[in-house]
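Paired with chain B in one complex and with chain C in the other, chain A is shared by the two complexes that follow.
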Partner chain A sequence: MNKINFLKPDNQNLSIYLYSGSFLFFIAVLDVFLGSFFGMNITSFLPNFISFLLPLILGIIGLHLIRIEFSGIRNLDLLNKHINTNIFNAALTLLIIFTVIKSIPPIMSWFIIDANITGDTKEACTGSGACWTYIKIWLNRFIYGMYPNELQWRINISFILLIGLAFVGLIPSEKIKKFLTLYYVVIYPIIAFILIYYLISGGSLGLEWVETGAWGGLSLTFIVSFFCLIFCFPVGMFLALGRRSQLPTVRYISVGFIEFWRGVPLITVLFMSSVMFPMFLPEDFFMDKLVRVIIAISLFEAAYVAEVIRGGLQALPRGQYDAAKSLGMGYWKMHIFVILPQALKLVIPGIANTFLALVKDTPLIFVVGLLEIVGMLNLAKTNPEWLGFAMEGYVFAAIIFWIICYAMSKYSYNLELKYKTER
Partner chain B sequence: MSDKIIQMENVNKWFGDFQVLKDINLEVNQKQKIVVCGPSGSGKSTLIRCINRLEEHQKGRITVDGNELTEDTKDIEKIRAEVGMVFQQFNLFPHLSILDNCTLAPIWVKKMPKKQAEELAMKQLQQVQIADQAKKFPGQLSGGQQQRCAIARALCMEPKIMLFDEPTSALDPEMIKEVLDAMVNLAKAGMTMIVVTHEMGFAKEVADEVIFMDEGMIVEKQPTKDFFAKPKSDRTKLFLSQIL
Partner chain C sequence: MNFKIKKILPQIVTLLAVVFVFGFFTFNAQVNMDNRGIEFGYGFLSQESSFDVQFSLIEYDGSHSYARAYLVGLLNTLLVAFIGIIFATVIGVIVGIARLSPNYLIERTAAFYVEFFRNIPLLLQIFFWYFAALRALPLPQDAEAIFGVFFLTIKGLFVPRFVWENLDIFFYSLIAAIISIVVIRNYARKLQESEGKQLPVFSISVGLLIILPLLTFLIGGVSLSFEMPVLEQIATTSFKYTGGLGLPPELIALTLALALYTATFIAECVRAGIQGISKGQKEAAASIGLTPNQILKLVIMPQALRIIIPPTTNQYLNLTKNSSLAAAIAYPDLVLVFAGTALMQTGRAIEIVSITMFTYLSISLSISVLMNWYNKSIAIKEK
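Coming up: the complex of A and B.
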């Protein structure tokens, strides 16, 4: 009994344990810190093996010394309760702390300390870290693709207008609120299409025509994602309803459609959209490849959206249908006012999932020769003057995608909270 | 037109091979109150769900307010709008406030102006004593309040007939009374009602006729007094002895 109590604090001698425990813990962290940041080994007098493990041992002893059931000191109790409940958890905590300390210096040096951003040729990059000069020089291409520099203001204006118009919903006016759904579902997409068709594409109103093959980079990522999201959602919704329809024809067509698109890889679909699809069209019928790609991705993702929404429809109790019907609502009224609002609310996380996957699938459009941001990176990395900077490019793209996706995921989480009504 | 508002003639219904309703004959006059009772699984719910065609019958004729129930869905919606229904599980719309629950159908089915619908809804909510809850959501109300809201919601369609399917079975005892009170008031106001319930006190107070069902058949159908005083069939006697 004595032996266990020997290293156990109680409320009388708490402070001495607290100080000695914290001290050991501090030494352990300091040892790792110095080793990691300054290459110093303050325990080099010890045998190699022990010197390596010493921080862990010291840390575990230190945490053991401060482990107490209840001390009344709030932070200490929180610490003990969450990360220091037993030796195993203490060791895990220490390992995580050490890993973070160990990995900071190399990451910092690659990203910042040893990185270069000045100059405008490859030769400017002398350090061993990242060559941000490469990103800087190519940034314009990564954002606008091959879109002519002197016309890029057209893209800028379109995007600024679209972002501005997206905030109409925030206007606190009852009159406008009534039409919000209509606005976002119908009017906004139409405005977006008109802007992109007349301003970005051009060819009329005295604006020079820029073929879609020249579009690219991040702006293309946005255009493709935007339209695919807008189209795949309603299509998916109708497919989900169709799959549960009483009418056999509608049901079989929906099932067939969904199973077909879910069964083929996106890359095949994109390839077919550019190679096979035109063969079925009349000679003089022309459909831009960007349009074909957007249709293809939309239909592909619609199949997934349909199944997600169907899950929500199935989760609703039959009583909701009964109640709506008993009030005299027909199929459409019942679905628009009672069923879909509840089902869609349930599947916000699933839809967000599908949408995120969609955004991250957009780089695949390279198979038809459209180069969005990753496509442009791949192009830039094979430029003879800029060979060897693939890493910087991919890290850059990863950060961009992460920002986009994180924003979307935050937004979907807010939607969930906004529509939470029960309990 | 006669004052027979509901007529069921030789109605039969199957779920797959299983026959739930066997040769049901039932006539309900305007303003009549009918209580239906019987053991679990005897087909009570199915019977009243056939009256607004939430279930389809396969044989026989059902006529509601002079319209026969057929495949023609346009008519069905019109008939359903005139037949209110209250369910065991309340089935309020959880995403809408109490007030919106009540105004949804009047506005979109009956094309009533929003303002008028809200006035009507507040009047009905007042009747069942939950006008002060109008802005809340169903999830924030007690079971008894939810069921009273469900009654108000059905009444907002100004129906000619009200169907109740075990409206108090999912409620705690102390909430049963408040719901039954609302139903008694409705009965006194002259509504035609068919009520599936095991609350025999309610039956004695308001019912004109009580029906006892077993195994898909109407075993006994008598005026309320006679039903309790001198039931004809042994099954009814047994059932009553168990329940009273």
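Coming up: the complex of A and C.
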């Protein structure tokens, strides 16, 4: 029998260290678990302060005992390498585990166990948890805004058509593939505009006119982000080319334009579009609020897109330009066939980030009185029959936005991998 | 000849287009203003503003001018930006380093934090803190003291106010400490270059920073006391805190949301910066016998900072610009006070919106100029 030194666990008495360490660790986790899920305190006989800190101390000792280098047990080595390298790391590990265990019951009870979803009125919410009834009742408004209920099929059809048409790119035929870029850059936006103008807005073809002030909710978020996304990209591309141009006038104007939009907050741009821009238009000329907002956000984001694309243009080696020129290509031919395809590939992550920022910026349109989903939440929150459910509303919107943005960022990551070319 | 036309023609066309658009807008603005009987001018700035602002760093009430209202808004914006930047940097650096931790759980927790806060619109987060989280705080009369001195209530955070005596002497001692540290550092560098001796510069600096200000307390007549916030009853059911320093809930919600949101981006900058240093640098440094601390201080950090600082400054700028979202929860920043209330009262859309935009623009541009200068000064000088 070797000497057992509890300060320095080693390979000699592996099983003793392992069993005693695991036992202490297990006791620590069990204590926290019981306290959190069943409200029991198995160490209540101890003074408050010690009882509170005991799991942490026990856990640290336990983890210390199983921190044995080259134990020969694969899982133990992995564990030691990843979460148990030294006392500091062990303490942090324990704190994270305890926090997770402690926070599960309250979160579960708020979201599910004590939550209510039945009923149609505020009185149905009797539990101490979330009142999903509120979301259920207002869901229609959160998605369609003030758009009249009986006309909402128009929004649905437009969106289904647009999503369907977006998948045209998956057609594998080689013949059509050539025109895909043209389709996505020119034809698709025109179709989208026609659909939204005639179907959602209405006013002709026997459809009732719905003013843009009544649009709102999640559908408005999509409409605004969609159009801004389509418009800001070409504008940004021209600005980037302008900034890299050899012609001084073009360059200075582009630089001035880009730096101006990048230097001001979006909210002031929206202020400008709502209070200052009408002053700049001829007297009898009326431009819809929504159109003004879309123009404002597009120009704003275009400046950011321009900077991202400029980064891609700068990253291309000079040889690419020289090679294209030596083939006798002019400025536009060179950029369309040689430079831009390579540069755009390089900047996919940056562009995706800009688009993400755009989607996250759409709630700001509340400044001009358009209410997309966050705006509708604030409206619903002040409804006298549904006071006091701010939390549910914001959590709901946060989940929706999070899903959209996270999906976009993952998609861009995949695109990046797909188009990655070795240099 | 042909070549020249090719260069000049597009420039003239662009210039004409820009001039035409500007001319068109100016003409319309002129006509519109004539019709409404408004005259363009900035004279209104000296008029009496006759509106009140809830929270202001300088003395202000309705009898002051619009120019002063502008200053109040600007200072409030800078205050939020300043506090937000400090918190965002601290959280961002910690999370960024945590993302590189060998501890799997810590790395995942940091990644979760970044992915969570980055993908939710900032405005929604501000609303959440202001309308949902802070509304759950206790009323002033029910609040319990945190550490015995802070009171976190639905009406805001109340903290003790510092009451200084002979504050100027304290400041002088701080300045003296900083100057002497600079002198000692220069001396230490020279000593090392000429004789190869190393002085413990860091411990000397810390010591100076602590001892010199401490001395002023002992012999300089500087003293510090605290004025505690006291609960006061103003009506049967209405209480408020007097004395101390009160931070309004708008400020807390805004700073919290801005800091937590921007910290995710700063964390990514920090991570990218440290990861951007090739492993060879570390190994090379280790092979010439530097200690781990020296490697971090002399090899890794100088190079990593070169990658980290430019994008981080950009994030600071974003934070400052995003602070304009304050208008949504009625924190009296530049946009709310000036582009909101003042604009409503005077109706001078063009002047006020242009001043507001110009203010943000000059903040952004001056920081970009500084940044460019800094980038040039730290760029790797290759032969």
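Quick note on the criterion: the second predicted complex is superposed on the first by the 404 of 423 C-alpha atoms of A that agree within 3 Å, B and C clash if a C-alpha of one lies under 4 Å from a C-alpha of the other, contacts with A are read in each partner's own complex, and residues count from 1 in each chain.
Here is the rule we go by: contacts are C-beta pairs under 8 Å (C-beta built on N, C-alpha and C of every residue); 3 or more make two chains touch, one makes a residue touch a chain.
None of these values were measured; they are calculated from a predicted model.
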item	value
Which of chain B and chain C A:281 touches, first, second, both or neither	second
Which superposed partner A:39 touches (first chain B, second chain C, both, neither)	neither
Partner chain in contact with A:384 - chain B first, chain C second, else both or neither	neither
Which superposed partner A:342 touches (first chain B, second chain C, both, neither)	first
Touched partner set for A:164, first chain B, second chain C, both or neither	neither
Which superposed partner A:72 touches (first chain B, second chain C, both, neither)	neither
Larger contact residue set on chain A - chain B or chain C	C
Which superposed partner A:329 touches (first chain B, second chain C, both, neither)	first
Complex contact set, residues of chain A against chain C	81-83, 85, 89, 92-93, 96-97, 246-250, 253, 259-260, 262-269, 271-272, 275-276, 278-283, 356, 359-364, 366-367, 374, 377-378, 381, 390-391, 394-395, 397-398, 401-402, 405-406, 409
Chain C residues touching chain A - in the complex, by the definition given at the top	7, 10-12, 14-15, 18, 25, 28-29, 31-33, 35, 101-106, 109, 115-116, 118-125, 127-128, 131-133, 135, 321-322, 324-325, 327-328, 335, 339, 343, 349-350, 353-354, 356-357, 360-361, 363-365, 368
Chain B-facing residues of chain A, complex	317, 319-320, 322-330, 333, 337-338, 341-342, 345, 419, 421-423
Residue numbers on chain B that touch chain A, as the complex places them	49, 52, 54, 73, 77-78, 80-85, 87, 89, 91-95, 104-105, 108-110, 137-140, 150, 153-154, 157
